[in-house]
Structure formats: C-alpha cells, structure tokens
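Two complexes, one shared chain (subunit A), two partners (subunit B, subunit C).
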Partner chain A sequence: MKSVPMLSSAFLHPAGHSLPEPLLALRKERASALVDMPLPTRKTENWKYSSKYLKLADDMAISLPAEGKTGNSLAVPGYKVVFLNGVMIPEASEYPDLDGIQITSFNDLDADEANALAARLGHTLDHAQAQFARLNGARFEDGLLVRLKAGAVLDQPLFIIHETSADASGSAYPRIFVEAGANSQLTLVEEYTSTGQASALISTVTEFSLAEGANVTSVRLNMEGENVQHIGATGVRQQRSSRFESHCVGFGGPLRRHDLQVRLEGEGAETKLNGVVVTQGKQHYDNHTSIDHVAAHCNSEETYRNIAADQSHAVFNGRIHIHQDAQKSNADMNNKNLLLSNGAEIDTKPELEIYADDVKCAHGATIGQLDETSVFYLVSRGIDRRQANVLLTMAFINELVEQIPVAVVRETAQARLSDFFEQTFREA
Partner chain B sequence: MATTDNEVKELIKREYEHGFVTEIESDTFEPGLNEDVIARLSAIKKEPEWMLEWRLKAYRRWLEMEEPDWAHVGYPKVDYNSISYYSAPKRKEDMPQSLDEVDPELLKTYEKLGIPLHEREKLAGVAVDAVFDSVSVATTFKEPLAKAGVVFCSISEAVHDYPELVKKYLGTVVPQGDNFFAALNSAVFSDGTFVYIPKGVRCPMELSTYFRINAANTGQFERTLIIAEEGSYVSYLEGCTAPMRDENQLHAAVVELVALDDAQIKYSTVQNWYPGDEEGKGGIYNFVTKRGACIGKNSKISWTQVETGSAVTWKYPSCVLRGENSVGEFYSVALTHNFQQADTGTKMIHLGKNTRSTIISKGISAGKSSNAYRGLVKFGPGAEGARNFTQCDSLLIGDRCGAHTFPYIESKNKSAIVEHEATTSKVSDEQMFLCRQRGIDPEQAVSMIVNGFCKEVFKELPMEFAVEAGKLLEVSLEGSVG
Partner chain C sequence: MLSIKNLHASVEGKEILKGINLEIKAGEVHAIMGPNGSGKSTLSQVLAGNDAFEVTEGEVTLNGENLLELETEERARDGIFLAFQYPVEIPGVSNLQFLRTAVNAMRKHKGEAEMNAAEFMKLAKEVSKQVDLDPAFLKRGVNEGFSGGEKKRNEIMQALMLQPKLAILDETDSGLDIDALKVVSDGVNALRSDDRAILMVTHYQRLLNHIVPDYVHVLAGGRIIKSGGRELALELEEKGYGWLGIKDDDASN
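Now for the complex of A and B:
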C-alpha cells in the first residue's frame, strides 16, 4: 500500500483575525477537521483526471497580503465590489445603499448577523464532493454577504471582482454568501483575474440560497494568469418555484477546477447551467457539476462546451441525481467537446442517478473535431482555412456565450475567446 | 387498477424456475483458500508445472489486492475462506467418454433447464459444453467440429492437449493481476471452455456452454479462452443457472477472446443465475471479467448479453481494439427485479486506426432493484479516425427502483468521434392504455412494451437464444406492474 499524500499542515494556519468571533470560531472548527485531509490522487474518483495538476507546495500556504493597487478589471456598468487576495477593498468598491438589500463584508457584520451566517455557511455544499471548499472554510479571511429581503430587486448587476496579486507564492480564499429572499431578483457577476508572476492558489466558495420564487442569475468569468491554480466551488439551494441561471466562461490554467452543485428542494424550481471552457498550451480545466432533484416537478437544463487545443486537457463531469420522491422531474444535460489537436485530451462523464420512475431524463455527450464539410463550405466561398476554423470554433461556443445576459461580460468574453482562437489557429 | 393489482400479486409469487438441486454425489474441497488448495486443485487436474506456477503467481497477486468498492452495488463482503474452491460430480470410473456415459441425473438436470443435449444435437446442431459446478461434464459434437479443425473442449483438456496455445494466449487479454476477481479466478479456475478456430475456418455450428452451480457453499470460477485465427468466424453462446439457496454464492469467471486478422467472434450470454428471493435473500454474486482483444486488422468482436439473474452483477465485457479497422460491439439488456443489483457495461479501448465501436445498452429496473450502466470509451493517441456510438436507455418500472448511468469518455485523438446518448423513461400510461384498449392484459402489455424496448439487442442474439431471452424477460417481469 502506498501512503496517501496529506494536506500539509502549513495550510491549516489561517491568517487575518478581524473576522467577527462566531466566524473565527467556525473557521477554527473547520481547520481542525482538516487535519489528515488526504489530497486527491488518481484514485480519487472526482479528481481522477485532475489530481496530477494539483501542486500544493508549502510556500503556497501563506496568505497573500491584501495590499497594493487593484486594476485589470472590467469596465463595470453596475455595482462593484473588489476583492484583492480574498479580502474586500472598500475603497475600490462602489455600491449604493438600497432598501431591502444588504451588501456587507464579513468583517463588518455585527454579532447577531455573524452568528446567523456562521450557522449557514457551507450548508449549500456537499463537502465530500468539493473537498477544497473545506479548505476555504478553514482559511477565509473575509467574504461578502449579499442579502435580499423578500421582493427586493437589484436593478443592476452586482460585479464582484476577485483579483489575485502574487509577488511571492501564496494563496487566497474569498467567499461569497448570497441569500435571496422570496421573489427577490439578482444578477451577480464574478470575475477572477490576476496580476503578479509568483505561483498562487485561489480557493473560492460562492453560495446561493434561493427562497421561494427568487430569481438569481450568476455569471462567472475565469481569466486568471498562467501562475494561478484555481479551485472554486459554488453551491446552490433552491426552494419552491425559484429560478437559478448560471453562465460560466473559463480559460485554462495550470489547474482550474470548478465544482457547481445545485439542489432543487422545492417543487417547481428551475435551474439552467451553461458553461464554456477553452484550453491551450499545457493548460487544464475541470468542471464538475451536480444537480440534485430532491423535490418533484423541477426542471434542470445543462449545456457545457469544451475546446482543447495543443497539449491541453479539459474535463467535464456532470451528475444528475433524481431522488426517490422527485417525480415528474425533467432533466436534460448536454456536453459537446472539440478536440483541436492530437496532443490534447478531453474526458467527459455525464452521469445519471435515478430513483424515481416518472421522470424525463436525457444526457448526451460528444467529442470530435471540426466538421470537414463545414470547413470546406467556407473555404469554397473564398474564406481562408484559418479564418474558417476560427469562425466555426467560435460558432461552436457562441451559442452559449450569446446567452450571457450582461452585455459587458458577453462582449469581453467574446473578444477574449476570439483572440484565443486566432492565436490557436495561427500557430496550427 | 384494482384487478391488475390482484393479477400482479398472483404473478409476483412466481418463483425461480431453475431453482432445483440435483442430488448427485460430488467431491468437494473443504472451504478455504491457500497455496495448498491451489496445488491440490492443480494436482487433481494433473496439470503441468507451469500451470501451477501461473496459478500461484496469480494467487500471490490476489493476496495483495483489495476488493473493489467503486461499483454502485452494496453487499455483505464475501469471506473467501468459507468457500469451497472445487466441487465435481463424483464419477464412477474416470471421465465420461461419451454422452451415454454421463450420469443420467446430470442429463436430467440439463433437460429441466431446457438443454437436452441429445435434442440439441439433432435439432439445432449446437455443440454444447456443459460446465457443472467446477468441471466440464460433456462436450457434444466433437467429431464434426474436429473435422473442420475447430478445437472445442474444456480448458483442462486444452492445458494437456494444446499447451502451446494455452501458454501463448492465457492471461494475455485479462492478465492475472487485472483486477481482484480476475486474480482470484486465475488462481483457482477449475474449468471452462477452450475454443480454437484455425485460419480461414468458419465454425460450422454455434458453440455453446451451459454453466450451472449445483453444490452448496461452492464458488464457480470458470475460465473461457477463445482464439479466432486469421479470417475465421465463430459464434459462441453461454447460459447460466443455479439452484435456490439462502446464502449467496460466488461466481467469478474470466473470459478472454482473441481475434486475429479478419477474424470475427460473436459472444452471446444469457445469464440467469438465481437472483435471490423477494426479500433479497440469497442469490449469486456474479463478478465476471470478460474482455476481447481485436489484435488483427479488420477483426471484430461482438458481445451480446441478456442479464436477468444474479443478486449482484459486476460485469463489463470489453473490447481492446488494437488492429486497424477493427470493430467492437456491445449489445446488452440488463433486467433487475426485487433486490437485485447490477453494475454492468462495457469498455471500448480504441488504440488502432479507424477502429469502430457501437454500444447499445438497455437497462430495465423493477421492484427495489438498482441497475447501473458503467462504461468507458477511450481513444488513444493512435486512434486516427476512430468512431464510437453509444446509446444507453433505461426503463423504470415502479418508484422504488434505481437506474443509473456512469459513462466515462476519454479522447486523445482529435480525429476520433464519439457520440453518447442516454435516456430514462417509464412504461407510460398512454402506452398501457393503448394496449389495454385493444384487449391486451396488463402483463402482456408490459412484456410487449419491454420487448419492444429491447428489440435492438434481441435481434443480435442467435435465433433460439432470442426466443429464450424474450421468455426470460417475460418471466422476470411478471409481477412488476401495478
């Protein structure tokens, strides 16, 4: 028996003690539970394809300092909160004081609020599946609480800019908790960027709790640099007739991982998950999604597209779990993949686990290359082959990118993707 | 649906047809497993030294391995030291020399099972090798097969008569240390079937093996090796049954297929081991490793399986597509009822250029059973132009059963194309209404609908098996609607 690698104890010492007492206590409790946490290996089912990319040197355990200038972010049209290395920077953030809507840094919560939050932090996630959400729980130094009272509507998207700035090795652990009251509405954009050349680890957790009739749209744009390992988890719990929509756009890196877990707990809840991933060079990206149909009469729809070029590696794992009483569930999952090079690898695993009989569930997955007849069609009309490749590859994912409801994100993503393909095919 | 309920209750009580025990004297080893047991087993079979070494090597590997727990099944762990690793019907003299010498009790068993050896001989022209507990009892049709140059005998005979072939191929497709159950089988396999089809020969008849576990507290570990030389063709059928017993019995078989250039092997299974009773008591643990290697170019291996029995099934007939243009196929119907659990599927490993594979899997779950498809489609970097199509459909009957799909798809070649589809549905009220309106009773209606659902797979089965499979489904499904 080979010994299993463990999480280095260096990772168990959180920094930053300005959190309210209940959250500090929670963090301590979570940290003690992390002693002897085995690191994922090739034998760990949900890290099977990605464990080899995970590099957790001891110097990475040091919390990155939340100092220095922020920049490099989207020209934000709506409200904005800036996090630098996992800590909120109030000076760079702009959001109004709106009736029925609370946007507060964890550090600024009063004792009652902190107690209430501590009781619920992490309750949207299955930590057995998202192991690194536990690391975040033991290490977060700050976070953002977004609370919408019943009927509250945020009139513009709320942008949360997560910036990682690493001049020396280290890690950051930002955390977001969104509580959407009955019939409230919110669009939340999370953007992940980075500056600095040192190798860094960012472990994120974003949680959404949707009360009856709440309507939340989440957009996640992952564009960190080549030195940042990103392990993120998003947990969603939905009550009756609520609606959740997620749009994730991810660019590859040394290690990119996003776990997205949705639980449909009230009848009539609906969820829609879209995702686009592109990787090149020796990059990696791994999306793990799971949708739990706990209550009856819920709908879920999931579409993920991956494109892998050069020697890169893209992974998709989608799981739909229909619980015993979730009759009349409708679930549809679709994953299509483009492999642009022979050195690249795509692994996909669309799983269904069904315990109710009166349901409609389907999934489909494909892996292939660009259709030669389509390329020929364009070439025969005078478009050069390279351009034809760019056009068709863009078309493959644009179907999903187009659905992003926030114009500035959509356009940024499209421009970045277009550059990405130009570059990929120029080299080819 | 009140009347239906009553009919259903009547039918639900219908028991496992093949659950009788044959009263014959048998030689059985004391339960337990160690190197001595393996040596004794090998000695009884008068095996050459290399065979014993091979077994011991597997046994030592096995000792270091852990029982896999990743499958979507739950069962009390097997105590490998409480099983007897050899049981053979006691023979009055030596091996039976012809059918006439076979113990009439045994022949009766097969008749009850619906395989009258004599009748088959006349009617179907199927050559049957019947394996009873651990040893091969009789092989029919040896002569006409020999005339064609086909070798069809028990693996124990093959070890003596064709040692160079056995040495060359045994363990090349499923190595001794492949997995826990394969290692166990490699150490203690007691008998099985050996088939060799020489170059350019089309096997003149369907070959078939019937497996039966009879003795209590025994495990059955048979090993099948089929070698199809260049340009040859063989179709092989396999059927299984076991008596009803309260305790669980272990069946851990290994099947290896080797197809050389332009060769074709068609392997069909109708598995109807005792599934346990309504409370989930007893039944066979069916932990089987089946794999075929398409070594030669243009070779083809096709697996067809109808799985209706066993308490727990853990079985993934696979194809390693090494040769250029080679083809792998997997057609499966898996039906689970009461407390049965099945985790079955296939692996298609594409290594050669222009290799193609098709997977059609139909899972039907009823009662409180759990039925999972687990499959792997893998394209290596050399699988230029390879192609796979996978379709997994599940049908749920009743709201306390589970249907699961775990497909792994891995591609390292950009020109390879894989398509995977899966759906889940139930027998809809509309379909039932349509049938009932036309005077078809509910049982028959369900059976019709299910048969339609499985048609794609049944049409791959040889004629007589297709009929048997249809009948099996009907019997297994009875009592599942309401």
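Now for the complex of A and C:
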C-alpha cells in the first residue's frame, strides 16, 4: 500500500523570532499540530484537480530572507504597505496616522494587542477546507493588523504590496488581519508580485472581521511569476448589515490556489464576490469559494469567470451553505468559463447545501468557446482575427473588471489582461 | 468591379447556391429580391467570406482579384462591406472600441496614420447623427440591447465610417419604420458614387423608391432566374413570385 505523503518536517521550523510573545506561542502551538499533516492528493476532495500541481521540495521550506530591494509594484495613489517575503518593510511603506485607524505590523504590537490578536487569529477560517492556512499559522514571521474603530472611514484605498523575492528557493507566509468596527469603511488592495527565478512557495492568509454595518471592499491581484506556487486563503466574517465586496483577478502559474470563505452571521449582511482568472501555457489556477448563510435575510452574489488557453487548467468550486435558521436568504452564484483551445481544461463545480426552506438560491455554470459569429462580425469590418479574439476574450470579463473600484488597479488589471491575451493569441 | 461566375455554395453538405452569375460595375446599384430561403443571405455571407459556407464551384473576382482566396478581414480591407441581416450583439465590446479598431485597421491597411481618440470621437459623433443614433449608444456594447431598427442604422453607420467600395446590404430595410427607412436610405444614398457599388437584398419595393436601383434580380432556388430594370420590382410586387413560375417548394431548396 502506498503511504500518504506528509508535509515534510522541514516546513515546521519557523524563522523570525521578533514577533511578540503571544504570537510566537501561538505559532509554536500551530506548528506542533502540523506534525504528520497529510499533503493533498487527487483523492483529497477539495484538491482533486490541483494536487498534481503542488510540488514542495525541502529547500522550499527555508524562509525567504526579508531583505533586498523592493519596488516591483504599482505606483499607488493611496496608502501603501510593502511586505517583502512576508515581512513588512517600513521604509517602503507610506501611510499617515489616522484617527480611529490602526495600521501596525505584528512585530510592533504591544503585549495586550498581541494577546488580543492571538485570541482571534484564524477565527474567520475553516482550516479543514483551507489546509494550507494552517501552514501559514505555523510559519508567519510578521503580518499586518488593520483596525478601524466604530465609524472610522479610511479615506483612500490601502494598498498592501506583497513582494516575493526568490533568488534562492524558499517560502514566505504573509498574513493580514482586518478588524472593521461598526459602520467603518475600508478599501484594501492586495497585490502579489515576485522577482527572482528560484522555486518558491507563498502561503497567505487574509482575514476580515466586519462588525455591524461595516463596509469593506477587498481587491486581490495575483501576478506572481512562473517560479512561484501560491496558496492563499481569505476568511471573512460578517455581522449584521455589514457589506463585503471582493474582486479577485488572478493570472495563472505553476500552482495557484485561493480559498475564499465568507460567513454571513448577522441579519441583513451582504456579500459580493467577483473573480476573474486567466491561464495559458501549462498554467494552473484553482478558486475555491465558500459562502455560509448562517443568519436570516442575508444576500450573497458571486460571479466568477475563467479563461483557459493552450494546455492550461482552471478550477472553480463554489460552495453555498444555507443554514437552517437562515430564512429569506438570497444567494446567486454564477460561473462562466471560456476555453480558448482544445487542450485546455476547466473544471467547475457548484456545491449547494440548503437547510432552510424559505430561500432563493440560483446558480449557473457554463463552459464555452469564442463565438464564431461574433468573430466573423468583427473580422468582416477589417479587424484582424487575432485582435478580434483579444476583443472578444476581454469582453468575456470586462463586465467584472469594470467593477473594480480603484482606478489604478482596474487599469493595471486591464493592461495586464490585454497583454496576456495579446500573448495568448500571438501569431503562430 | 464584382464578377460572379457560376457560383455554387453549400452549408453542412446542402447545396444552397446553384450557379450564380452576376456582374456589378462601379457606380451601379443592384437589388436582389426573392422568396425566403432562396439563398440571398447565403450569397451575401459567401461574398463576405463566412467560412460556415463552402464554395464548391465557380469564381468571384473583385476588380480582377480572386476574392475567394482572401480572408474575411482582407476582403473588408479591399472594400467589401456586408450589412448583416441579423447584426450580432457583442456585450463587453463597446461600439466605440469596435468602430475605432475597425477604422484604424482600414487606415493601417491603406498606409494611413491611426486616428487618435479625439479625432475619432468627432467623426463618430457626426456619423451617428447622420443615421439618427444618439451618440450615447457609442458607449454601449456592440448592438447590445439595440432595437431592430437601431441595429440596422448601426450597420449603415459602420458603412459610412468604413467607406467601402462594394456595400452589400442584406435586408437593411427590414423592420424599419417610415422615418428610419428614410434615414437608412439617405445613408445609403450618401454612399453612392461613381467608384462604389451597392448590392442590396430586399423584400420590399418601397426601399427602391428611396434608393433607385439600376438592376433588379430575382434569386430563387439558388439561381438568378430573372434580371431586369427598376420596373421588375414593381411587377413582382403586383404579381408575386408565382408570376415567374416559382412553385412554393422550388423557392427554397
């Protein structure tokens, strides 16, 4: 009998000991729980399409050093925090002191704050489903705490630039914890980029805790290089009448995985999840989303689009769980997929578990190819075929890209996507 | 300008065009009439290069050049324009982006500089007024949610922007109210010139009051069975296709 592959013990030795004591203790406890952690295989339900892309070598267990130059990122109009290999770089970060808003690196927390954080870290996530969030919990060396007091409004978007610099093999474990007080408002942009060519693993966790009436918009741009395996998890808990909006734009890689888990725990909470994924070559991308309607009268609206070219592989798994007491829930999930070549693969799966009787729950998934009639219409006006393909492919996701609320991110995403498609449809 | 000789074409193994012969000279306007299913749109689509249709026999030349060897986009750049019977809706591509890309593709082909956004906007607004479309439509998706009449006006707008040598209008008059018919006809008449030709497919002689053709052809069962002048349309309107000895089951294939 073949034995189940385990996470190598090399991964259980965190570096970076400047964290406050309560967080170090937490990390240690989580690391000891990871001994004998099985790695996902194709028999692991939530990894069945993606386990083959996961390639962890022992030399990737080493923490990537948090030194070197940063700068391979967006010129941002708002506030900016830069992380290099999971550690905040204060010199590269720019944000003012703001009333009612705390933006602090984990390493700078005082004992009380660290205690309070340690008690809550990880509480937005179902770790059985997001296995690698546990690895992050055992390995994070720093992180960012963003706390908004009741009524606080961040007047400009906060950009968190996560740069991975991999000149030699290794891994990094960036972590963000956002606590949005009652009726507070925040737009947070996470950008993941990389430099260097050595094989690297990035395991990220981002958590959002929304108190009553809080309004949080999250944008996530995933643009790392071909040497980086990225496994990220985002957890969201929403109290009464809060509103969360997420826009994820992901470019494929050797392994890309994002788990997004939202719990609607207070009546009248609303969540909107948009996602765009593009893959080409032999790239991979796997989005697993999960929405728990725990309280009654909540709305969720989810729209994901995948575009896969060449021999690439995109996966979407959308779970909606409507709990017994969540009457009058309104859930709408839509996943459309575009296959640009016969060799590409897209797997899409809705998972609905509905235990309340008075709910509206709609879901739809389609997989299609570029519409020949539309291509003909465009080329009949003298537009080249390649450009017609680019236009129509962009059209497939424009509706979502246009909803990205921050202009610089939207434009960056648009430019990156159109470069990507130009390359996809390059002359053979 | 356009010369079609013994053109046969089929779709999904079924022969639709069964030997079309037609000569169109610069400056001329030809009308094609004929029963439903007789092959009028097929002929239009074949000329524009839709490869859903297979040409099995015959030849087509445009100013002496073998048209059938050219890709659709090359035909367009050489001056062929097809106003679709059923214009395609393309959500997510704005009319503006679509028109600008097309206009610039044509300019590039002619060795002209691309139009910048401001120049283009000015032209697009002018032409949209000419076809009585609110310029606000430029921001919407291509034909997205357009009424039947708006779609047809948009086809004419495109023709006016692209200034083709041979405009093929497939039932551009269908579904238009009286005012829109006037707008569309004025647009088409604005295209008429000594170095251009127009081939228009229509079911209604009323269009021919606005755009007076030099020749009228009747297409039935995949062949042109009668050609004549302007008066042929009037005669058809009066007497119906039965007068030409077309039985209902001959009309289509």
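Criterion: the second predicted complex is superposed on the first by the 425 of 428 C-alpha atoms of A that agree within 3 Å, B and C clash if a C-alpha of one lies under 4 Å from a C-alpha of the other, contacts with A are read in each partner's own complex, and residues count from 1 in each chain.
Everything that follows uses one rule, which is that a residue touches a chain if its C-beta (ideal position, glycine included) is under 8 Å from a C-beta of that chain, and two chains touch if they have at least 3 such contacts.
These numbers were taken from a predicted model, which means no experiment stands behind them.
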Max touched-residue count on subunit A (subunit B vs subunit C) belongs to chain B
- Query: Taking the superposition as given, does A:L392 touch the first partner, subunit B, the second, subunit C, both, or neither?
  - Reply: second
Would you check which partner chain A:N342 touches, where first means subunit B only, second means subunit C only, and both and neither mean what they say? first
Q. When the two structures are overlaid on chain A, which partner does A:A92 contact: first (subunit B), second (subunit C), both, or neither?
A. neither
For A:Q327 in the superposed arrangement: first (subunit B), second (subunit C), both or neither?
first
May I ask you to decide whether A:D358 touches subunit B, subunit C, both, or neither, giving the answer as first, second, both or neither? first
**Asked** Who does A:P350 touch here: subunit B (first), subunit C (second), both, or neither?
**Response** first
What is the contact status of A:S374 with respect to subunit B (first) and subunit C (second): first, second, both, or neither?
second
For A:A25, decide between first (touching subunit B), second (touching subunit C), both and neither. neither
Listed in rising order, subunit A residues that touch subunit B in their complex are 45, 324, 327, 337, 339-369
In their shared complex, subunit A is touched by residues of subunit B numbered 70, 72, 379, 381, 394, 396-426
Within the complex, subunit C is touched by subunit A residues 372-374, 376-385, 387, 391-392, 394-399
Residue positions on subunit C within touch of subunit A in the complex are 48-50, 52, 71-73, 75-77, 81-82, 84, 87-88, 90-93, 97-98, 101-102, 105-106, 109, 141-142, 158, 162
